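Order of writing sets the chain letters: A, B, C and D. Residues in each chain are counted from 1.
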């Protein structure tokens, strides 16, 4: 499990005064970028230099407590499945002040050659990092 | 079914040059705002005047074809379930040029008193609109 | 002058419950995309096919009335200057309900070869469109 | 001067593959939130508890070098003017790798009672913080 923390920003709420639900998918991606920091060149290097990406094929988000401006968010990222070309990342997004679960997100990605926009074998360093953060049984 | 069309905007793509996956949740909300246009005052009236909102409790998104800048998107919104306080909206998001399914989104919302941030009975006009767009068996 | 209208969206406000100031730069770009619709392939064709863009080199925004969710915005786009490689677009952003000026935006762009990221001569069709919407003296 | 650093995020670029110009206004606000961290409760406390905000009345942005995904941004925030109810913040946004100036932003804000949406006297702690970071002559 990798932990990533960040504050809710001023413009991330909506007209109901809570964090807009689509932002949680952005938060998930942000946590994934952080998860892949140990790669040589980080996630940006994977995308920009090696031209391999991890587009989503499936996302499930469950929301259980709202976030407001001023809240701090703790995202715990782990991995529930690693296949030949795909993986499932799992993000527990917790409201820092009281530990309430704000959102639970599952994110299935496929290693993709960005030049062709078609799936490709998972690079060894990507696989190693994912495998080392598999959730226990 | 209610149809909503819009172009992909210049800033909606990501560093992989395709529409960023979280945008599809924003597109879903935009289609939902459009779906509720027939309400008196529209969705904005529901939120700002009546202070009733429809926060998401669950979202599932499946992605099957990428969108690029310049693509046009057609979103077909229907309803798969209406409960006492919740409903499930279903969005088929189709790439206009070739009819390819770009994304399929299911969005469970709960009618919520925004002053209390707690669930409330579904207003009759909201229920009527949802019910009139139920998917066939 | 070209007019573009759009509603304020649910997620465009901030924690002060008014449209976030940076959104007005996005609105300006949206109005510019609309302004260039008459080009063959529109603005997207210019970017994606011809690989010519109009990055900003200078932006000035003055704000005089706030916008809320539910407001409708009318953007009047005109041109104040056309040079060899640059132009200045001017957007009057008016709150539809009462005609109040919400924001006044001036946007200097430079025609740019996107392959080289260096300035280039202004294409004739771009120049013709800009020139035809020059503000009067 | 207060320094704030952050990486360019995956979804902050546009279809020209450079950071979308409106993002720099968002970056400025983010740097301002960071600037006001020393306030009791931070900027969020000012907004949410004290209900005092700093809406923009004028923004000027000049762009001189593009940013790409993977770039790191260093924002140097200082203050050029403090009035009775207004102040001007100045952000030098520098590309970390080579020190190139990416954008220079000047941001005039007015202390505002968010309940009334009208200007109010500048709180003493806000004034003290602004004054302590005035640019030299």
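The rule we apply is simple: a contact is a pair of C-beta atoms (placed from the backbone, for glycine too) under 8 Å apart; a residue touches a chain by one contact, two chains touch by 3 or more.
The structure displayed is predicted, hence computed values, not measured ones.
With steps allowed only between chains in touch, the distance from chain B over to chain D comes to 1.
Each chain gets a centre from the mean of its Cα atoms; the one farthest from the centre of chain A is C. At the interface between chain A and chain B, over half of the residue numbers appear on both sides, which makes the contact a same-residue one. Set against one another, C-D and A-D show the most C-beta pairs in contact at C-D.
Averaging Cα coordinates per chain places chain A and chain D 27 Å apart. Rounded to a whole number, the gap between the C-alpha centres of chain C and chain D is 23 angstrom. Shared contact sites, meaning residues of chain A that touch two or more other chains, fall at 10-11, 15-17, 20, 22, 26, 29, 44, 47-48, 68-70. Those residues of chain B whose C-beta lies close enough to touch chain A in the complex are 15-18, 20-23, 25-26, 28-29, 44, 47-48, 53, 55-64, 66, 112, 114, 117. Considering their complex, residues 7, 9-11, 26, 29-30, 33, 41-45, 47-48, 68-70 of chain C touch chain B.
Only residues 10-11, 13-17, 20, 22, 68-70 of chain C touch chain A when the two sit together in their complex.
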